[in-house]
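Two complexes are shown next, each including chain A; its partner changes from chain B in the first to chain C in the second.
Take a look at the complex of A and B:
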């Protein structure tokens, strides 16, 4: 009750301080002196949002059902951890979290940009404040988290049990940090365009923000994928679901930007391209929020469907896009000296080619995601775009991308006179061809694309490992990330071609053979735990070497609301996962049992972590170089 | 000049995007099935589940007044629930019941039919789900009622119930 009011009023105060900051900074921009009040006000703004956020957390913890959000999304029987994570597991709370991160980042930006040009700082503040005010209005008008219910309901409606998973509890906040980081990049690149400040030093400073959002976005996507693998029980980690694509697109854009900013920093060109990428990254993040939150894309992730919300975000999104385009076309000036002579064999050209590839991947995913929506409106037809589309369009180019990636990054800036280690490159290429041939023959899969992809990814793995031993290039973070990427593709590929699965309907006491393994359904246990009823099956799998694995997959029947979820039992080791999941068949003693062997699963997570570690090292170095 | 052209093009493109997204917001019923009644059958060639022989749609839809095409899979729980209804339909001599086995393991599919009885005169295999898409299927189970002229006259989304049987018997009367 009381936290509810505190939360609501601090949100309003937050909005008020944003408006004041906006006006003050416009004034400071004119007189070219930063008003000291701006700093304290932006702290205050952050403080108000923080208070509001904590009030909501408290409402959830004490199960105050007079708050509509708590009533809709919580229940007094939920474990405390999930009560807290329930705060941002719903539409209203997650927007409050967006706002929290937005204001926090703006405050951090003000602190860490002390040495920069004043007018550029102020202008970044103005643009960022436009975004913040937009979100304040969005929260207050269409999705107020502090709606008061009277009379107070006795019990809440429950938190979606699929969301009761540790990976998912931290997945949205981390993804949001990545998205919101992109907003700082957006505002500052617009400010730099207006001030004509796109230069080496700008690139140096903005790279920190690019790295921060890139790291968080990578971790966020990985956690989402881990959640899908362990919780959804479909036995996959990436489904090319539109909502997943929507988080992957800003990531690709940001990866392109991360490479392109290097060229700007070292060689002072590709300016236009950098600005376009910065705008595109944030637009794609906003687009993601729009598509997920408006309910246009229906999938496991969509919870809130309210057209008025959709219209608000849509208008706001287009307002931002049009604003940035107007600014870009009116203020952006190309200078004569931007055209320098460039040589084909150089690092800058290889980065440009990397960008072309990334843009191609991005457009494939963008078309795959948006085409069904457009088609439906225009011709009233419904289609769904699935993995075959993406595989067919991405895989052939991925082969060339990886072959190129094994040569390009070792080029010198300006001009590469001769490609070093030609002999090694060719040697490794033949070695990887030889190894893949033997390997594919052994498992009996010799189609063209798989073979080529395996050759290319093995080659890249070898080259990136070799790079660790070469003394010439000191860029350790790059080596780790590139190695991580090559390992990621290799493990996804091996996982894809070597996975096998079987689905059977079994009852207690049955057994069946699967390849070299024999699976026994031993027994069944019923348990009543906290807020759900659990049915646990006991399975034993014996392989040809007489190793015994025990599996205890679980079915959970939640009461509030009544939902059945399957908890897969997964045995993980370095070479692969064994995955067993059961499903109930209505009115039958039979259970639907799915058993899968997924080789090298853990390497997918490890290699993603390597990518993140690479990024973090680079961030660490950046920070101390400064 | 070039810039102006670009800007106009961009404005057009953006307004088009805005329009489309705005429209799609308002069409709120996201998975409301379109009317696919009175639509022509798609033509396809597939394999038969038991004989493993290639069979074309022309051979399948021949020699009966009405056809029922049922999309099912052994892993689908509601398909079990609707099975008795299909068995009952198969007893009607003016209807030919055809099964479309969707994204399934043939071994499991055969076991399913042996266990519960086989109502299908022909069972065609749709390993990658393409035929179901051509039919305009939304998910499984889904059942299409097709007339002599090979037009889809009615579709049932979800499992067949007693009421759907009554509806079918009214239509084919």
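Take a look at the complex of A and C:
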């Protein structure tokens, strides 16, 4: 009860300090001197939100069910780890977390931007405060995490068991850091527009924030898809589900920005485009929050929804977009220097081509996600836009994208006089064509687009490995990330075309053959573990080389709320995963057993990690160059 | 004897064909059920779901395949019954031509803008 009050009032104090900072910074903007009070107030504001956040955590830890959020999302016999992670596993708590990261980042921005133009700093602060105030109001008006319940309920309703998982416990905070980082990019690009400060030095500074959000967004998306892979029980890691799309869109936008900012930094143009991308990235992050929270989307992730929240976020989003458009059109001035000669064979143009393709992928996903909603509103017809749509529209273009990617990044700035290593490029191309042909012939898949994509991705893998050992190019972070990307596409593709699976209904003692493997259902165990009942099957798989694999897939029947989840057992090695999951068939001694072989699964995660490592190296270099 | 051997071989062969035929049917069932949405679950296909609805749908698909209906005919029947919502593979028709066309149109538009900026620049 006491933490509840502390939490609520610190939120209100936080909002008050926000308003004061806003007014003070407007004053400072006029007199061009930053009021020292702003720093202490920003820290105070962060401190208030932190206090509020920790009081909510305490409410969860001590299971204080007089708090409505705790009542709805927790249960006294849940393990302590999930009590804590339950804090942000729900709508109210996750917004508080969002607010916490917002205020923390603003404070960090104030500390790390000391050498920059004062008015630009103050303006960034102003725009960031607008966002923060918006979120404060959103939390306090529509989704207060500290609603008080009287009389106090004896027991809570419990957290959705499929969310009780280590990967998912840290997935939201990491994703949010990525999203919120985009808000700093948004505010500072608006400030830079007003102050006419879009320049090489601005690009240098903002690139750190772009990298930080990009890294966190990548890790966040990866954690989410790892979770989907082992927890949702169908063995897929990406379903083109609307909520997955919504996290991928800001990522694509941010990736485009990450490349485009290089042009601004080195050549001082593409300014308009940089600003548009910065605004778009944040808008897409906000759109993501709106679409997830309003419950418009039909998806696995919709665990909290309420139309009034949707309307608030939507109007706030419109306000921010209109504000940024007005600022952009009133203050943006194109400078004379923008007109320089551009040669077709240059790094600038290859980055433009990269952005062009990325924007296409973005538009496919955006339209694919939003179109069904619009169609339903306009004509009351419900359609599904599923994986086949995305595959059909993305794959053909991805082939060209990857071919460009094997040539473009090695071009010089301004003008490339001759394409280096033409011979090697062609040689590697024929080599990858030859290898793909043999490989596809062997596994008996000769679908046109898959074959072409395989050629293109193999080619890119070869080229990036070759670049890795070439001494002429020093950009180590780029080498790693580009190699990571090529490996990612290759492993997703191979995983997709080589996966095989079988579904059978079995009872204890049964066995069946699958390809060269034999699967035995040995025994069954029942266990009672604190908040769920567990049924563990014991399976043995023998392959053609007489290797024995033991599988223990589990069914968990949670009591609060009563939900059944299947925990797959996965055997991972470098060449692929073996994935076994069971499901109960109602009122029967039979179990539905699904056994899958998923080649190169681990390489999908490794290559994503390579992307992240590449980004981190770049960040490290930036930080120490300063 | 010769005749008996012939019969045995024939039976075995037929058996073999029926097995491969059955496998083919299974593959088709999997393919179709992966492309159908489980209407009572959230974001799961019929294939991935274990709900009563999904189980009865799988039986229905098997039955329709045994009746000799093609993949397209099965989709057609299901769409008539449950609406287009049930199929993941969005069809191209008067409702969805914008969905399919707009991204590609934007791609060419983007290309045109880049070309214009590069070729017709005032220097």
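Please note the rule applied: the second predicted complex is superposed on the first by the 626 of 626 C-alpha atoms of A that agree within 3 Å, B and C clash if a C-alpha of one lies under 4 Å from a C-alpha of the other, contacts with A are read in each partner's own complex, and residues count from 1 in each chain.
Keep in mind that, in the parts below, a contact is a pair of C-beta atoms (placed from the backbone, for glycine too) under 8 Å apart; a residue touches a chain by one contact, two chains touch by 3 or more.
Remember, predicted model here, so these are calculated numbers, not experimental data.
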Quick check on the superposition: with chain A as the shared anchor, is it clash or fit for chain B versus chain C?
clash
Looking at the overlay, what does A:592 touch: chain B (first), chain C (second), both, or neither?
both
Looking at the overlay, what does A:382 touch: chain B (first), chain C (second), both, or neither?
both
Partner chain in contact with A:609 - chain B first, chain C second, else both or neither:
neither
Touching partner for A:395 - first (chain B), second (chain C), both, neither
neither
Considering only touches as defined above, state whether A:329 meets chain B (first), chain C (second), both or neither.
first
Return first, second, both or neither, reflecting whether A:241 touches chain B, chain C, both chains, or no partner chain.
second
Looking at the overlay, what does A:583 touch: chain B (first), chain C (second), both, or neither?
both
Between chain B and chain C, pick out the one touching the greater number of residues of chain A.
C
Chain A positions touched by chain B in one structure and by chain C in the second
298, 381-383, 388, 503, 583-586, 592
Interfacial residue positions of chain B with respect to chain A in the complex:
3, 7, 10, 14, 18, 20-28, 30-31, 34, 74-75, 77-78, 80-81, 105, 108, 111-112, 128, 133
Residues of chain A touching chain B in the complex
290, 294-296, 298, 305, 307, 310-311, 314, 318, 321-322, 325, 329, 373-374, 376-378, 380-383, 388, 502-505, 583-586, 588, 592, 594
Residues of chain A that touch chain C when the two form their complex:
232-234, 236, 239, 241, 298-302, 339-342, 344, 349, 352-353, 356, 359-360, 363-364, 367-368, 371, 375, 379, 381-389, 393, 397, 501, 503, 583-586, 592
Within the complex, chain A is touched by chain C residues 30, 35, 37, 42-45, 47-48, 50, 52, 83-90, 95-96, 98-100, 102-104, 106-107, 110-111, 114, 118, 121-123
